[in-house]
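One structure below.
Letters A, B and C name the chains as they come in the text, with residue numbers starting at 1 for each one.
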Amino acid sequence: MMKTRGCCASICQCFFEYSTPKILVIRSFKVGTLNRITQALVIAYVIGYVCVLNKGYQETDAVLSSVTTKVKGIALTNTSDLGLQIWDVADYVIPPQEESSFFVLTNLLITLNQTQSHCPEVPKTGFDCTSDRDCKVGSHDTRGNGVQTGKCVYSTVDKTCEVLAWCPLELDKEPPNPPMLADAENFTVLIKNSIRYPKFNFNKRNILPYVNKTYLEQCVFNRITDPDCPIFRLKDMVTEANEDFQTMAVHGGVMGVQIRWECDLDMPSSWCVPRYTFRRLDNKDPVNNVAPGYNFRFAKYYKNGNNEETRTLIKGFGIRFDVMVFGQAGKFNIVPTLLNVGAGLALLGLVTVVCDWIVLTCMTKRNIYNEQKYSYVDDFQLLSNETP
Amino acid sequence: MMKTRGCCASICQCFFEYSTPKILVIRSFKVGTLNRITQALVIAYVIGYVCVLNKGYQETDAVLSSVTTKVKGIALTNTSDLGLQIWDVADYVIPPQEESSFFVLTNLLITLNQTQSHCPEVPKTGFDCTSDRDCKVGSHDTRGNGVQTGKCVYSTVDKTCEVLAWCPLELDKEPPNPPMLADAENFTVLIKNSIRYPKFNFNKRNILPYVNKTYLEQCVFNRITDPDCPIFRLKDMVTEANEDFQTMAVHGGVMGVQIRWECDLDMPSSWCVPRYTFRRLDNKDPVNNVAPGYNFRFAKYYKNGNNEETRTLIKGFGIRFDVMVFGQAGKFNIVPTLLNVGAGLALLGLVTVVCDWIVLTCMTKRNIYNEQKYSYVDDFQLLSNETP
Amino acid sequence: MMKTRGCCASICQCFFEYSTPKILVIRSFKVGTLNRITQALVIAYVIGYVCVLNKGYQETDAVLSSVTTKVKGIALTNTSDLGLQIWDVADYVIPPQEESSFFVLTNLLITLNQTQSHCPEVPKTGFDCTSDRDCKVGSHDTRGNGVQTGKCVYSTVDKTCEVLAWCPLELDKEPPNPPMLADAENFTVLIKNSIRYPKFNFNKRNILPYVNKTYLEQCVFNRITDPDCPIFRLKDMVTEANEDFQTMAVHGGVMGVQIRWECDLDMPSSWCVPRYTFRRLDNKDPVNNVAPGYNFRFAKYYKNGNNEETRTLIKGFGIRFDVMVFGQAGKFNIVPTLLNVGAGLALLGLVTVVCDWIVLTCMTKRNIYNEQKYSYVDDFQLLSNETP
């Protein structure tokens, strides 16, 4: 009976034990000041950087976004090929819809009435010939426009190999300068962007609550006067990226429209508003200016009276606008708060390491401190005494 | 000789030293209970939250995904302009392929036989006139449809400025309600999604191994009866997002098809299956209902007998489905396990801080504890004695 | 006066206090060796894994990227329907431009001269009939091609229900093998990729500074001889992914072009170069080969002499190339360095826990160590004495 009781008491004793390290307190001007300064630095870092700047007390969530765009505007061109021609949104936005990007045609080389037939290759190294023997039937390489028929025929000036291709061939020339659709600078685009922070069940869109139909019908984004208008003039976007629209329009390019939603959801939700910035994304480094701009070829297909297919080939130069939506929302949560406080306290442990090293090696009274701080159990004593 | 030996021994001594803090063990009901409770809380947090819920012992990898979609179905429309007309996938999916998104036309305003010619502007504020003086030659703004010729002519009722444009102009009216392609609700879409977790060299696709050709030819996704069928009825997707298909089809909109692959690769790989959810992505907030829905204009180009270009302009309303693939895979790895255990132990350090504070300031026997825990080296003693 | 002074001194004393734990140093071969080995392991882990492998001393940034692509090449087909036909980039890239992806047509089923009219359904289960009673006026399901007119008419061999549809209907047959545009393997694509690390204001593009116009006009990417040429032969990309181009071209598929920019910005910026890898993204698992490949339908619309709309329907099989840009840049920064050193030191705390446990339970002299390390304040003494 007594024994059981003793055993039980021993387990109890063990359970109700609390271990705390024994501490040596050094009271000294120098050491104390050193200690407090180091502590202050660490605490300032933890509070200032981790808590205030990085908002370490908040749980964060990444943005989910959906973007739709709608371009408006008309352009007038006057060429010998086409005469006076009007271009509207169905003509210059290609393809008519994309997920989060839109392309506006600003310049073009047009080749009318192409049919599958025979014609001389464009004069270029590798395609010129003097007789039929220089042309190989069936030969076609990636730089050519068709399959050689084996004949050598007169092109504009020189003789080149005849090819089976969409004829007449597109002439290999520079795009017009000034660009054909110079009017594109006045086109406007309405960008509708709905975002969602799923963790916080928070939805918002870039047409802010106070924006009504009347305002939306006549406003144009301006960083100072209309910072919340979601309608952007193309020229303004390009100008904000420190580019010249007319220069960029000649060879085309890629623009980034960045919408940033940084939301502190501990604050009123009306403070969570989109910030727009614009950048040119493709490189226009003048030193390394190989293959500049952005262009692609597309065609419109027709059938003529004889049920024969003809097409209009267009080499289109233009600006692609990629809409990129960024952002992070934060809201107070106990878990990241604990984690960051814990990490801060761990750094406070560094203070002891640094101070100990200074106190025990540099201070004049280091011997006294050492004596008090350290006790020794020495297994070598016996060893040392035994060895002669 | 002896000296070298002594020096060597001293270095050895230093190397074979092991420093461990001296501990004061307090045996007390109150203090012990407090200590154990705090420890239990921290350990429960570390095990429960970090290890079980957050799977802190796993290395994670983000999903790489490829999506292809294929819509099926036909719709019948009957209008005065077009007569009885069949719409199939080549007609209503625009553009015919996109990277991870597809658009289904559900409603449209059609303007037939447009040519580049002269016609009066649509009656709208800013375009009405009484005489030619009200119209400026060459003027065109973003809200207009063409370039003014300077003439003032009779439109339907009122006089408006004449423009050079694609004529006849599109009439500015509301889209038909009910929507023209109301049949679109029965269209189905096969979504093929292959995913990859590169770190773990794990591949899978949403057509699960047991799904055979026969099943795939007749199944339709249903959360209860067919949760693994990758063929979705458009109406079902919209209904799951708590929207009405026919209402949404009138003005169009954007739907998100979310495919979530949460995979615990410590478990059998057959447990790693996709979960489908559907959300409406564009805002349909009735309070702030400016510029609702989703529409864009596109055209089909023809050439008539005189080699003159005509086009059919279509203002297409429809639903864009954005397929979004999410997910994270986790697999046991020693590095994150160590990191999380380390962080947990660091939090245990907090226990001592909290308990110390309570023990040394609140307990009745705090003086005894203080006496035992702290020793002092006091540099001020001399100082204090000297000052009067 | 004295009292204020005393109080002041007491606060001073408190401020200038420095607390450091009292340490028991055990000098022993076994314990010391154990201690040093554990310490060495932890330090090796921290330095080796965290600092060298994971570059824990660097702040990192994710890549922002813009991609444009341009395909070149021509293909020749010879079919009974179309005769000899040349296909160029405007014919086989659909749609003509996309954000970071491009599709190349490699195979097709073509149905010419479709008009909205009446024709028998394709012979397939569910559409065959013996008399008009088997066909329901107005019925159309997702597997059919049109709306039934209620008549039962002769198809090729059997009787099927007549439908209002784009007639003649597309025949349900396998794609040609070898693929029609077999020449596509020699097409090349120029991929222009500009990246940006916004945190470090670092821009670069995949056309490296030394690449000039002459080189760019004739080079083709080759992992050994031309690893920096941004022009890729389609066949080479597919071959690198361990696939056969001609096989893949029959049913189509999805290829991933991965561009990895791993940049250590503490090193010269010329070391930051793109690495290209190629993978097949869609599953071609032979066991689970349901719905293989990638295809979609699109149409070209014409108007004939009677102003009636006709179209050419194309079921296009082909390879979609998704360009994926990855990467992370790192640069030295004091904040992550501190964090990682802190975490490392926290792990050193583990050493004491492990060694203490071994020393105090396994060593022969554990009683001596215990005696020296622990002091006790025992509240139970009285309690134990009192209870009989």
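General observations
Just so we're on the same page, a residue touches a chain if its C-beta (ideal position, glycine included) is under 8 Å from a C-beta of that chain, and two chains touch if they have at least 3 such contacts.
What you are looking at is a predicted structure, and each value in this text was computed from that prediction instead of being measured.
Under half of the residue numbers at the subunit A-subunit B interface are used by both copies of the sequence.
To fit its Cα atoms onto subunit C, subunit A must turn through 120 degrees, a value rounded to the nearest 5.
Here the CA centre of subunit A is 16 Å from the CA centre of subunit B.
Shown for subunit C are the residues that touch two or more other chains, namely 13, 16, 19, 21-29, 95, 98-99, 302, 305, 343, 346, 349, 372, 374-375, 380. Here subunit C touches subunit B in the complex through residues 9, 12-13, 16, 19, 21-29, 31-36, 49, 94-95, 98-101, 103, 116, 140, 142-147, 164-166, 254, 256, 279, 281-283, 285, 287-288, 290-291, 294-299, 301-303, 305, 307, 311, 313, 316, 320, 322, 324, 343, 346-347, 349-350, 352-353, 355-356, 359, 372-380, going by the rule given at the top. Taken together, the subunit A residues at the contact with subunit B in this complex read 13, 15-29, 64, 66, 68, 70, 72-74, 76, 84-86, 88-91, 93, 95-99, 183, 186-188, 190, 192, 194, 196, 203, 205, 207, 209, 211-213, 216, 300, 302, 304-305, 310, 335, 338-339, 342-343, 345-346, 349, 365, 368-369, 372, 374-375, 380, 384.
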